[in-house]
Amino acid sequence: MSLTGTAVALLQVVLTVGAAPLLIGIMRLIRARLEGRVGPPILQPWRDLRKLLGKQRMVSDNTGWVFSVAPLVLLASAALVAGIVPFLSTQSALDQVGDLFAVVYLLLLGTVFLSLAGLDTGTAFGGMGASRSMTITAIAEPTVLVAIFALSVSTGSSNLGAIVATTLAHPATAASPESLLAFAALAVVTIAETGRIPVDNPNTHLELTMIHEAMVLEYSGPDLALIELAAHLRLVVFLGLLSNLFIPWGIATTARPLELLAAAAAVAVKILALASVIAVVEVFTAKVRLFRVPELLAASFVLAFLAVTASFFLA
Amino acid sequence: MSTLIVVLPFIPAAVAALIAAFGWNLTTAWCAPAACWSVGGVGMVLAVRVLDEGPVNAFGGQLRVDALSALMIIFIGVVGSVSAVYGVAYIRTELGNGATTSRRAKLYGVLMQLTIAAMLVVVVADNLGVLWVAIETTTIATVLLVGHRRDRTSVEASWKYLVLGSVGVATALLGTVLVYFVARHSGIDASSALRWSSLVDKAHGLDPGAFRVAIGFVVVGYGTKAGLAPVHSWIPDAYSQAPAPAAALMAGVLSAMSMYALLRLKVLADITLGPGFVRTLLIVAALLSLLAAASLMATQRDYKRLLAYSSVEHMGLVALAAAIGSPLAISAALLHLIGHGLAKSVAFCSSGELLFVTGTTRIDGVRGLLHRRPFIGAMFGLSWLALLAVPPFSIFASELAIVRSGIADRLVWAIAIAVVLLLVIFGSVVVHGLDMLTGGGHSADDSSLIAHAGSVTAGLALVGGLVIAAAVGVTIWPFSRLLHTAAEVLAR
Amino acid sequence: MSETTFVQLLDLAAGLVLVISFASLWLRRLVTVTRMIAIQGVALAAVAAVIGFYEHESELVAVAVLVCVLRAYVLPALIRRAVLAGSEHREVESIINVPASLLAASALTLVAYAATRDVVALSSAPQVRAIPLGVSVVLIGMLMIVTRRKAVLQMMGVLMIDNGIALVMFLGTSGVPLVIELGVASDVLLAVFILQVLTNRIRNKFGDTDLDQLRALRD
């Protein structure tokens, strides 16, 4: 593990954690402006977090250790993934673990702990949210694995850095059917896993529809701040993963400061573009009924499946 | 001579144009049987020529008549004329009792002739693509015939027929396209890659693996169109809802066209793949068809559907003969197609008369027919005896030959299963038939019958068909050489 | 056109034909599914055009134009008329639910690949490698006919099967001789036309095009 590699990984974690609430702020601002509202300032998510961190920690007597640990696990797993994924440079510090399967299961770890925490409180809403979240994850997770598999077939490796490097070396593969299909599949999964419209609405507290909010209903103060920050971070990680896996241009192949700076700007632009698209689409789409969510995810699974068949038989 | 081949499909097409122009009247109506007779006549001229000097090509090699084609042309002419003659009487009755309008009668006449024209293209086409187009055309033309009555059940039947028929025939197209693909990739040039006669010469050089896929699709596709199980469910619907003469044409002649296509492609498959592959497919389809017919005929309550299932049975037998594939079996298959075509045409036509008399197609609505309408009863009964392979009708001879050739070819197990199923079918038909012909009961009351004056024309069609069927059974002397030469085309 | 561009465009267009088959199983509004079928026609025409331009076969480019008119405009318009004629609720009705039909379609894709292994082995050309896509489209069309309970959807299934066969035709042999191409096209046109006439009759007789009502004929 080289020193520069470690520095890059740390830099990635710091930058993503710092930028995640800002990104949410920007998305909320875009939505507000499109809906004709003035909207909160971009820094508002940070202010919310600061306010929550200053509050007293309140924990129900009926909860176990899972409830206390879950926010930490969620944030730690997201931060770890933020360090692993090649955002800035293909020369990752954690090259050995910079594997797509590792990334997927680290993210899954957070999801599972959050669901367990929802169950742990013993409230109706927590259980409901956990069951809905698991339903979605049960279909989304295989989709991610299959889509990633499709990408690894053409590279011959499931190492993230290697996949990105291959796409850089052969730009034509970015427009091949398998990578387009895998992109579509992962995009749907990103929406589902980060709880955006049309799968979940991050702004609602309506008991009939909420998923993420139902699970975190019992959290308050610093715990809630950790969960919120982790949720923001997961969005950045997913968007960064999507953009760099399929549109890797701009990423640094070395660890020189100037190149890293350019890479940071490039990845910021890409993430911002994707986030804006999501924000705009969210304004114009309605959330789908809960029982239609499996249909949406089944479609993304099929896309991923087709990506694998295409990568095997067309290549 | 080659002009004759090109002109052939235009004979019924011209009659169709005539009916379209002048409507359905006594003159144009009798043009329909006349067309069939001339087709039969042309077929005999061609047969003589082919037997003496070998196959005739026409239209730049797209059309070709060999002994098998000549036999099928005569078959279409002779069997088609039974339904054509009966059609004159049938439409007259329907126009008389207000069951149909003159517009629908015209449509009926046009479509029947177009179907016959397309069938003639099927048998003279040398190009497998043209063959497919012609078979699909027969589906489209007969769908509207099935919907002739325009009531709920006939609309339902025509929908199911067209959807299943198009899917089946589309599968055959996929197979044909793949045959073309395999032929092109085996170095055969574009102009002859779909021509049966040149494919037969070059079939040795085709890639067996890919050709197997192609032939699989073709067998499934044309098997569906012929009414072989497991995709036979459209047969009883379509045959029972079509007007009697159209059902006679579809069951008697049209189903034989798909079997003909299957036999032609089987020749190619046998050369490229060896006989095993298609044989397995056909034996499975044949035994399933016999099983489906046997299980559904026993509990059948509708005599037209009973006849339709008997078609599934007989197509199964032809498929079994084709699977055996020896020259004797192929001759038997062709003879069986002819005998079944004649007997089934007469049976459907007499079922049309039966419907006029009783007003119902339910088996329990018909009792004591032999006492009350002796002529219709006798015709219906005799055609059933012919279908049950009772001598002197030719099906007896062909079934015997199939059994013999099967045993000679060491397919005893398949033959044994087939014979058991045939006995079951025999039993259930005899039970139903005795009820209808001699049974008593409340519907044997004479007042339940509708007054219907049987016409000489209808009688001519029924008696004529049965006499030919019996004559073919006694001896096929003038045609024996043609039959054997045709079988040699297929069994090499 | 360089070879990589050709392969890229061909794979994209052929892949689109298959993806649209999946989309038509997934979508719920009949009008949208009809639009999908039209887009499938465009993608099919694109396949023919790409092959035609690459191999400098003007005949194939002409066929592509014909395909585009017939399969992207005329036939979908016939189906659209049948869809719009029905005043009943215009949503897809199916025996199996959407995720199940999508999974079944995925399985059929694998079946198509397995069945055509020997065919693909015959040549290493990029067109031939894509033949399984066409066969999958055919099988998915059959799935649509078997599982959907609306007359218009069965119509679309028939059309989808024909689109799949046409795709195999273009990919395998750059089309079949023109005479047969025209014969096939006119037969498809007639079949879809008669299907449309029959949906009208079904609607007149039953007041709906729900095929569950078609069960007078059974044993």
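When the chains are written out, they are named A, B and C in that same order, and each has its own residue count from 1.
Please note the rule applied: contacts are C-beta pairs under 8 Å (C-beta built on N, C-alpha and C of every residue); 3 or more make two chains touch, one makes a residue touch a chain.
Bear in mind that the values here come from a model prediction, so they are computed numbers and not experimental data.
Visitor: Give me the ID of the chain with the smallest distance between its Cα centroid and the all-protein Cα centroid.
Guide: Smallest centre-to-centre distance to the global C-alpha mean: chain C.
Visitor: Which two chains have the greatest number of C-beta pairs in contact?
Guide: After tallying contacts for each pair, the winner is B-C.
Visitor: I'd like the Å distance between the centres of subunit A and subunit C, where a centre is the mean of that chain's Cα atoms.
Guide: Subunit A and subunit C have C-alpha centres separated by 37 Å.
Visitor: Nearest whole angstrom, what separates the Cα centre of subunit A from the Cα centre of subunit B?
Guide: Centres of subunit A and subunit B (C-alpha means) sit 65 Å apart.
Visitor: Where the CA atoms of subunit B average out and where those of subunit C average out, how many Å apart are those spots?
Guide: 31
Visitor: Where on subunit A is subunit C touching in the complex?
Guide: The contact residues of subunit A facing subunit C are 172, 175-177, 180-181, 294-295, 298-299, 301-303, 305-306, 309-310, 313-314.
Visitor: Within their complex, state which residues of subunit C touch subunit A.
Guide: 4, 8, 11-12, 15, 18-19, 22, 26, 97-99, 102-103, 105-106, 109-110, 113, 120, 129-130, 132
Visitor: Name, in rising order, each residue of subunit C that touches subunit B in their complex.
Guide: Touching subunit B from subunit C are residues 115-119, 121-123, 131, 135, 138, 142, 145, 151, 154, 157-158, 161-162, 164-165, 168-169, 172-173, 176-177, 179-180, 183-184, 187, 190-191, 194-195, 198, 201-202, 205-206, 211, 214-217, 219.
Visitor: So in the complex, the part of subunit B that touches subunit C is made up of which residues?
Guide: Against subunit C, subunit B makes touches at 127, 129-130, 132-133, 136-137, 139-140, 143-144, 147, 150-153, 155-160, 162-163, 166-167, 170-171, 173-174, 177-178, 180-182, 184-185, 190-191, 194, 207, 209-210, 212-214, 216, 236-237, 240-241, 296, 299-300, 305.
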